[in-house]
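Order of writing sets the labels: A, B and C. Residues in every chain begin at 1.
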Amino acid sequence: MTELVIFSLLNGLVTGLLLFMLSSGLTLIFSMMGVLNFAHASFYMLGAYFAYTISTYVGFWPGLVIAPLLVGVAGALVERYGLRHVHRHGHVAELIFTFGLAFLIEEIVQFFWGKATKDYSAPEILQFPLFTLYGQNFPAYKAFMILISVGIFIGLFTVLSRSRVGLIIQAAITHPHTVSNLGHNVPLVFMGVFGVGSALAGLAGVIAGPALGTFPGMAFVLGSIVFVVIVVGGLGSLAGAFVASLLIGWLQTFAIALDWSVNDLLALLGVSFDADHALRDLWTLSLPQVAPILPYILLILILIFRPTGLMGKRET
Amino acid sequence: MSVNQSTTTGATADGVEPAWKRVADEQMRRGAFSRTLPVWGAAVVILMIMPLVFPSAVAVTIMNQMGISIVFALSYNMLLGQGGMLSFGHAVYFGLGGFLSVHVMNSVEYDGWWLPLPLLPLVGGLFGLAFAIPIGGFSTRRAGTVFAMISLGVGELVAACSIIFVAFFGGEEGVSGDRTMGPPVFGFEFLSEVEVYYLTAGVVLVAALFMYLFSRTPAGRMANAVRDNEERAEFVGYSQRYVRFVSFCASGFFAGMAGGLFAINYEILTEENLNLVTSGWVLLMAFIGGVGFFVGPIVGAIVLTLLQTVLSNHTELWQLYVGILFVLTVMYAPRGLTGLVAMHGPALRSGRLGPLVAAYGVALVPLVAFLAGAILLLEMGNVANQSVVGESEAHVFGLSLDVSTAPPWLVAAVLAVGGAYALARLAPRLRDAFGRATGAAGGAP
Amino acid sequence: MSAALQMQGVRKNFGPTEIIRGIDLEIRSGERHAIIGPNGAGKSTLFHLVSGKYSKTAGRILLNGEDVTGLEPYQINRKGLSRSFQITNIFPRLSVFENVRCGLLWAMEYRNSFWRLVDTERELNERAAQILDEIGLLDRCDLPAGVLAYAEQRALEIGITIAGGAEVIMLDEPTAGMSHSETEGVVALIRRVTEGRTLVMVEHDMGVVFDLADRISVLVYGEIIATGTPEEVRASRAVQEAYLGAVDSAGQEVN
């Protein structure tokens, strides 16, 4: 049991921090621009694919830097030549645009890289078990993922709390309509924020690609979950996004690890059931089975009972 | 409650009708259902003769699919176009209506239930409604982003449930049934596709009719008002939440109806029918067609079904083309294909369409060149990227091109770049022609 | 004379800031009551509180003797209070005709019915046309409301507000931003359409206020400092001080 808890904690931390890398960018973009970027996870996917292609030429490490930069540029271009154009039609139109973009990016990825999973793997130097506990290995690459995520988190925190740009962004997050009054070049700020947010997602893709697989559906797998994170955390709250990322990371890993079922619960109560009953699916339901739906149940509960999210102030 | 009689205009001298009376009559005359009768009549005729014009089995299958898509897309537009609710989970009502319809079909077959097949879409609709009521109960509290998020959450939740609850959703294989086991209706047992076509066509017509009529009821008009300005609606006595809820339920009903039609046509439902992909697809259909018009989703459903069925036979890149079409629509034609046609209405009415068509004719040549070049590049690029070593033939427009040689690439690039350049040069002239054709007509009624 | 609207100890805070600081006011049935005061005095906030847009921090509001505190805007509207907005608030994509018709639907008990067609209801359409005639927009009825000129949108705003036939009408700066001649037209319109009803209005144009109002309340920094007939208010020392030295007197009150 201790083993299970430790590994679930660590794996949940990996997932949670990864989610935070995505949700922090998404929160930044949403806070400043009011845009819920449906295509955010698509930039994550682009990061993985760019890094894969780069790694086939010059190895893993250069990709770690170049791929996020490329994704950031792609994001900035999307903002400049796409989103800005749609902006005047309102937030719903923007949401539809980013939805279409997510659809399109998946097709573009398939066009260039095909439908099959790419053999994008961790550098050999990180392919060893960091430690072994109760006969189970913890891969060094996962530790590396944690390291990068925490590094980004600290970097982001420092920039936001110490630098001038950070102060502007913070002001904009709490008072979204005031940025333009401060005399800043708003379109440029928007483009920058969208680019940086995309680059963060790209970086998440670069480091997640080897661990979670690099395939055209990888954006789809994570996309909705990231939305759940920022809504549960509270739209526009970075701290909320952080808490919700970890919460959902752990929720999922523990749900998968703990093989409890309704059946066990019933057995505890001394009730047994007929294996052929029409409702047998309900009774054999186990925690790992419902793991995928837990975030969405959480989302719906939050939206009903606490529409501002865990730590948000705005109810959009 | 009383409103004073006119004091400003429209003197009520004997025999002279006051101006307000004339306006009221005019509004009622223009809104009268009888004015749309020719359109409905034409729709009946077209639906009747389609299988005679396109008798092949493939064509009938495609038309059946179009019919399902039309009902589904129209129901979606009750949310997005008319109520201002962007849903990412509309397939839930379509899929659940469909699944339950198949289960009912099976109960007809095995448990001796009595249900003529033409009533099955109604059953599907009622199931769609049954799910829309509780879900709409909490999700219509707000429109905009929050509604979109809840719809996404519900959509993902139901899609995930469909994998878990095997007894109901049938797991990977889905649930299948047999539509022919019900009591015959006027001797029809719905063994052939054409019989199913006429059943589908009838349901499409009835569903479209009722959805159109809904848009003209107080509930439908207030849905538009709440879409435009939810705050103002509250201050004329309407609860925005309840107005949205009514539209949501109606929309769920018709989506379930489309699901019932799907069950009849394919006799099988799988998890795919209620997941995010289907929800996204209906958004694409409605939006590309044009959410601001009642016929928009119909146009979108027809066009996208054609792309999905016909284009997909010719190229594996068809989804890429659909994606490009969608993004371009959102960016440059937010009123959809119908909007592109409708914006020529003023020119047509003022009789100035001629010169504009001539201008379009000139632009057609570079447009075709550009499209041909771009498609060639994409198709050849696809072969170059994907195919196994040694295979380098791209089959486009009935041509076989060797992508390992330079000439096809050069030709395609010249076509694409040349076409794009000529289009860019022509653009100001087109804009000018359009302005002249419609702008001067602005004052005309 | 009975009271159409009563405010009893109404307060509103935004965070630590107190915007409405205890208002007791009685609007008599059938009177035209103007609320005046310097910018930022809380006039619009008071309107939002009464009409249900904002929730109160404390106090009670009675409409025709019935407690409407804490009700939603649509519930208050159904009880017979209708208001306009300072910033034009219409249905921009609907036609002018439909704007007014939407204002009528609930009051004429169409509710959310989906078994009747709006185009076959003669009385509904005739009423809408009459109101359009009243507000002078009959020849504009087919335009989308969003493309109307500013003064026309203001008139439409009043049209939507009075359409439902509510007994208590609240107009928030109906003449704001209008030219002199436009203002005259609006004043005549307001006089006409509020005949036999209770009118509460916020207005900056003193000419309009003294022309229309039976009684006037002066709101300064969240408090009513005077209520009375135009003559009484004009003569009030407190009002003169407030208007001449609003900042000073308010500063003293706060400290």
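Heads up, the rule we're going with is that a contact is a pair of C-beta atoms (placed from the backbone, for glycine too) under 8 Å apart; a residue touches a chain by one contact, two chains touch by 3 or more.
Predicted, not measured: the structure shown is a model, and the values here were computed from it.
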item: Pair of chains joined by the greatest number of C-beta pairs in contact; value: B-C
item: Most distant chain from chain B by Cα centroid; value: C
item: Rounded Å distance between chain A and chain B, as computed from the means of their C-alpha atoms; value: 32
item: Chain centre separation (chain A, chain C; CA means) in Å; value: 48
item: Centre-of-Cα separation between chain C and chain B, whole angstrom; value: 42
item: Multi-partner residues of chain B (each touching 2 or more other chains); value: none
item: Sites on chain A touched by chain B in the complex; value: 36, 82, 85-86, 89, 91-93, 95-97, 99-101, 103-104, 106-108, 110-114, 220, 224, 227-228, 231, 235, 278-282, 285, 289-290, 292-293, 296-297, 299-300, 303-304, 307, 315-316
item: Partner chain C, residues of chain B touching it in the complex; value: 1-10, 18-21, 23-24, 27-28, 30-33, 213-214, 216-222, 224-225, 227-229, 231-240, 242-243, 246, 250
item: Residue ranges of chain B in contact with chain A within the complex; value: 84, 86, 88, 138, 141-142, 144-146, 148-150, 152-154, 156-157, 160-161, 163-168, 276, 280, 283-284, 287, 317, 319-320, 323-324, 326-327, 330-331, 334, 378, 381-382, 385-386
item: Contacting residues of chain C [partner chain B, same complex]; value: 51, 53, 72-74, 77-78, 82-83, 85, 89-94, 97-98, 101-103, 105-107, 110-120, 122, 125-134, 136, 138, 141, 160-165, 192-193, 195
